[in-house]
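Data first, discussion second: the structure below is written as structure tokens.
Chain nomenclature is as follows: A, B, C and D, assigned in order of appearance, with residue numbering initiated at 1 for each chain independently.
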Amino acid sequence: MQCAVISNRPLTEGFFHLSLAPEEPMGAITPGQFVMIRCCDFTDPLLRRPMSVADFEPDGSRFGLIVQTAGRGTGMLSHLVEGDRLDVIGPFGQGYNVPQEAKSVMIVAGGTGVAPFMTLAPTLAAGGKNVHVLLGARTKGHLLMEERFLHAGAQVHVATEDGSKGFDGLVTELMGKQLDHMDEPPDLALACGPAGMMRAVATLAEHSNIPCQVSLENSMACGFGACLGCVAHVRGEERYVTVCRKGPVFDSREVEI
Amino acid sequence: MQCAVISNRPLTEGFFHLSLAPEEPMGAITPGQFVMIRCCDFTDPLLRRPMSVADFEPDGSRFGLIVQTAGRGTGMLSHLVEGDRLDVIGPFGQGYNVPQEAKSVMIVAGGTGVAPFMTLAPTLAAGGKNVHVLLGARTKGHLLMEERFLHAGAQVHVATEDGSKGFDGLVTELMGKQLDHMDEPPDLALACGPAGMMRAVATLAEHSNIPCQVSLENSMACGFGACLGCVAHVRGEERYVTVCRKGPVFDSREVEI
Amino acid sequence: MDISVDFSGIKLKNPVVGASGTFGYGLTYEKFFDLSLIGGFCTKGLSLQSRAGNPIPRICETPSGMLNAIGLQNVGLDKFTSKKMPKLRKIDTAVIANFFGETVEEYTELAAKLDAIDGVHGLEMNISCPNVEKGGAAFGTDIKTTEAVVKACRSVVKNKPLIVKLSPNVTDISEFARVCEASGADGLSVINTLVGMVIDITKRKPVLANGAGGLSGPAIRPVAVRMVWQCYKAVKIPIFGIGGIASARDVVEFIMAGATAVQVGTMNFVSPGIIPQLAEELPELLRRLGADSVTELVGAAHRD
Amino acid sequence: MDISVDFSGIKLKNPVVGASGTFGYGLTYEKFFDLSLIGGFCTKGLSLQSRAGNPIPRICETPSGMLNAIGLQNVGLDKFTSKKMPKLRKIDTAVIANFFGETVEEYTELAAKLDAIDGVHGLEMNISCPNVEKGGAAFGTDIKTTEAVVKACRSVVKNKPLIVKLSPNVTDISEFARVCEASGADGLSVINTLVGMVIDITKRKPVLANGAGGLSGPAIRPVAVRMVWQCYKAVKIPIFGIGGIASARDVVEFIMAGATAVQVGTMNFVSPGIIPQLAEELPELLRRLGADSVTELVGAAHRD
């Protein structure tokens, strides 16, 4: 699927927002799903890069990505300008699944992990749910999308590792404190971020008996279930599941993180 | 050597002129010398691409290339825009060597083979030599630098393979006719273009007993004499010479073309 | 132009086939295109019992290639027969069952069972597997073991072409090609992955949990072309050319080196529609090269 | 930080060395940098008589790599001694003389003569050459011939370290590593090029005049790292890690796999200043990895 680059907007240092218009409309998107991006026409780097879909139009005519420059592929994406074309396939995988009954939802996002919640948090808030968004970053300047979540009517709590804004520490420590202080624990926790953070969020949620969905970022060769390279170990079984197809969002008790 | 792209100007279809400013001035350039260009930062395509230096400032502060989009590397070069940076090494090799005594010079250029003559032809004409430039192209629209050679005071003769302008046929056929019709043969022939053309020019010049210098475009891995990949067979000997170091310009009787 | 080929009795509509382990059981690709457009595909390597595969990480990108150590995760023969085959029988494309064992008996049992499955068009033996009876070195890197396992399978496979997929991790692949032909193989698949390793310098250990893995992708193409060339010189049975195919040019390159048909592996991950695309581009390229069929170009680079 | 290493008695200022056939006789690179900045270099392979080399084309680009069939063009021992050595003696860097023959006698004669040349710091035997006495298969792909030629050279080399450069085109490289060690080699160079081929589909023949050629560059790095890893497990003598090195990360990768020092080949063509650049970047990278020397990281990826 060829996409036209509509804009490439720098966010904080090392992060940018790419807005893309598919030449044919994409299928329906669930927040938490991802696309696979070809960063160059040649064979080095060879494989596509997985990127969560961030904001998107319901009719599939446009979608956005929040990208962190991590290496070669994302470095090339950072140079895209309006009018360039990009080869994208997807959306793939299973997104977050918020049951009707969940009245209060805690979202924990680190770095580009805010991406899936750009659309999901406003939808949940608009649907009358009580939404807490916990945002983590290394420093104040790296916080992403705080305004957007505030505007959507979510309660936003910020943690920075250098204490330059909000809670002084990791977002998962903040989550622990929040859970301790809340009158009623949330009905559901949703998280997206690096593996270490997912592990900590899952542990906290389990201790508090809160159902929790995490998004895994395993390395992927294909993104659609063909290579069996991205698998996660199923908890307590001698069996693996494909993160790209059965995930990337999993119930935290289902897989080893 | 990092160069800044000053401009990238389309010439005729599939050809463009790149103007580059080295960050540190390059060494002295002789027309016929070439540079080696890194087309991408990754490993595919891996090797640098050789390109003749076309126009240049004598102080090495700027030089130009005439590039034909032939494949992947040149395709990438075609997308460069003002302000981009390019990794270049050189100049390398031996250029054309026009002895003082040569009063009349015939230049035969096909396609991007005009490059080395952009500076050389005007210099020779300004030095009082009688300069004939024979330009070949597939069709009228593909002719390069005709104006420039006319302005420089050279006599320009054009051949197109489809007869859309000038002589109807190959530039080497035109060369044959010219040699037949000239009162006095030129003292020297200089040629640049595809291997088949170089072979034909050399044969014609030898038949007319005119000293002839040709430029060879053998594949090169390094461009500076280290790989021994670009060699040409020395005529009549069981020995090879490096085209990148002893050439690319050779006396046509020295090597097998 | 008719670009169909006959590979030892397997009729391929076109010579572009999905390589084992990169094409699932075919159905994974149904969301990208109609499977009846492609020549055929090789299933993920099948074993008697289902297999969980290796611990993670299992993959790692390399320059113009990738390493994998999937560990032959597969659904097992029974589930393949009951769950996948009913769907595959409805699709007009060649299904080639790739299989492996850890003992000669496992190979033979699988071969016999696959030979009996309706809708399977051919069998592809993967002999790059560790031979548990002989200390774990791959079957396919020892000439005697190769001979033994191919002969054993040959004796039980009565109905379908038996193709042997060779390991490139050997000194002289033509020796293996010859022994397979002499032992009754109907065709060869050349090549499986080269053994490689990438080290994570911050963790001071190999990136893959398994240590080493199989290198595939465009990086290995020149090695694969050379090996197809060698095998073509050595044997008369048809050859599947495999290794880094990414364009119609590459397909023709393998055919000229001596392949009757080709398999595309890693590039399916990058371009899931690549197999039908190459099949579509092929006739025009053949025409430009002055050829009227695939068959006339098989081994063309060997002629003088 | 001191990044010097001792390679079997050859003192290298830093562990980054120019690989044979990509570094001329060193002097070619003088226009790019001061040769005394680099650990050392291996000369283009030397023979008793000068050699014209193979017909052209000799090189071809491949995905993340290149093929070459230079055919061991070199100035010959005499000219090397009389023309190159006087200049090289003035430069403070390790000169390793790479050499080859077509018979055991040629190897031995060369080894003895090189051993006597003042200013040569070490000898690197290239055994990937065709053995004319044994039908042209490479010395280095037959275990018995490898043993014979290494033993023969060992018996005449008295003064300088004798390093054997192994061919990767074998089933089990550790077997070759062991036989070299047992035959008296002081070190190993791992790896030479993989045999590959590219076909020109319009001409319907291989691109290289020689047919096949040697594949080098980043494409082969994972294979090279795996082979260094295997050799490190097999022997105690030091190893030069070679194959596709393009960054300081790659240097460390080979060291962790078991290399005492590394050689950079193909990437010199792309970045003629790469060797001093890597040597310069290495201390900072080691620091980031928590290491105080190169030596402590040799084989680090083998520890658990």
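Quick note on the criterion: contacts are C-beta pairs under 8 Å (C-beta built on N, C-alpha and C of every residue); 3 or more make two chains touch, one makes a residue touch a chain.
These numbers were taken from a predicted model, which means no experiment stands behind them.
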item	value
Set of chains adjacent to chain B and to chain C	A, D
Chain whose average C-alpha position is farthest from chain D's own	A
Averaged-CA centre spacing for the pair chain D and chain C, given as whole angstrom	34
Rounded Å distance, chain B centre to chain D centre (Cα mean)	37
Chain centre separation in whole Å, for chain B relative to chain A (CA means)	54
Gap in Å, rounded to a whole number, between the CA centres of chain D and chain A	47
Residues of chain A touching at least two other chains	43-45
Residue list for chain D, restricted to those that touch at least two other chains	62-65, 217-219
Overall pattern in which the protein chains touch one another (line/ring/star/complete/other)	complete
Chain A residues touching chain C - in the complex, by the definition given at the top	38, 43-48, 89, 218-233, 238-240
Complex contact set, residues of chain B against chain A	40-45, 72
Residues of chain C defined as touching chain D within the complex	62-65, 67, 141, 169-172, 194-199, 201-202, 204-206, 212, 215, 217-223, 225-226, 229, 244, 249, 252-253, 256-257, 289, 297, 300-301, 303
In the complex, chain C residues that touch chain B	63-64, 218
Residue ranges of chain D touching chain B (in the complex, touch as defined)	21-24, 28-29, 31, 44, 52-53, 55-66, 68, 70, 73, 217-219, 246, 266, 268-270, 272
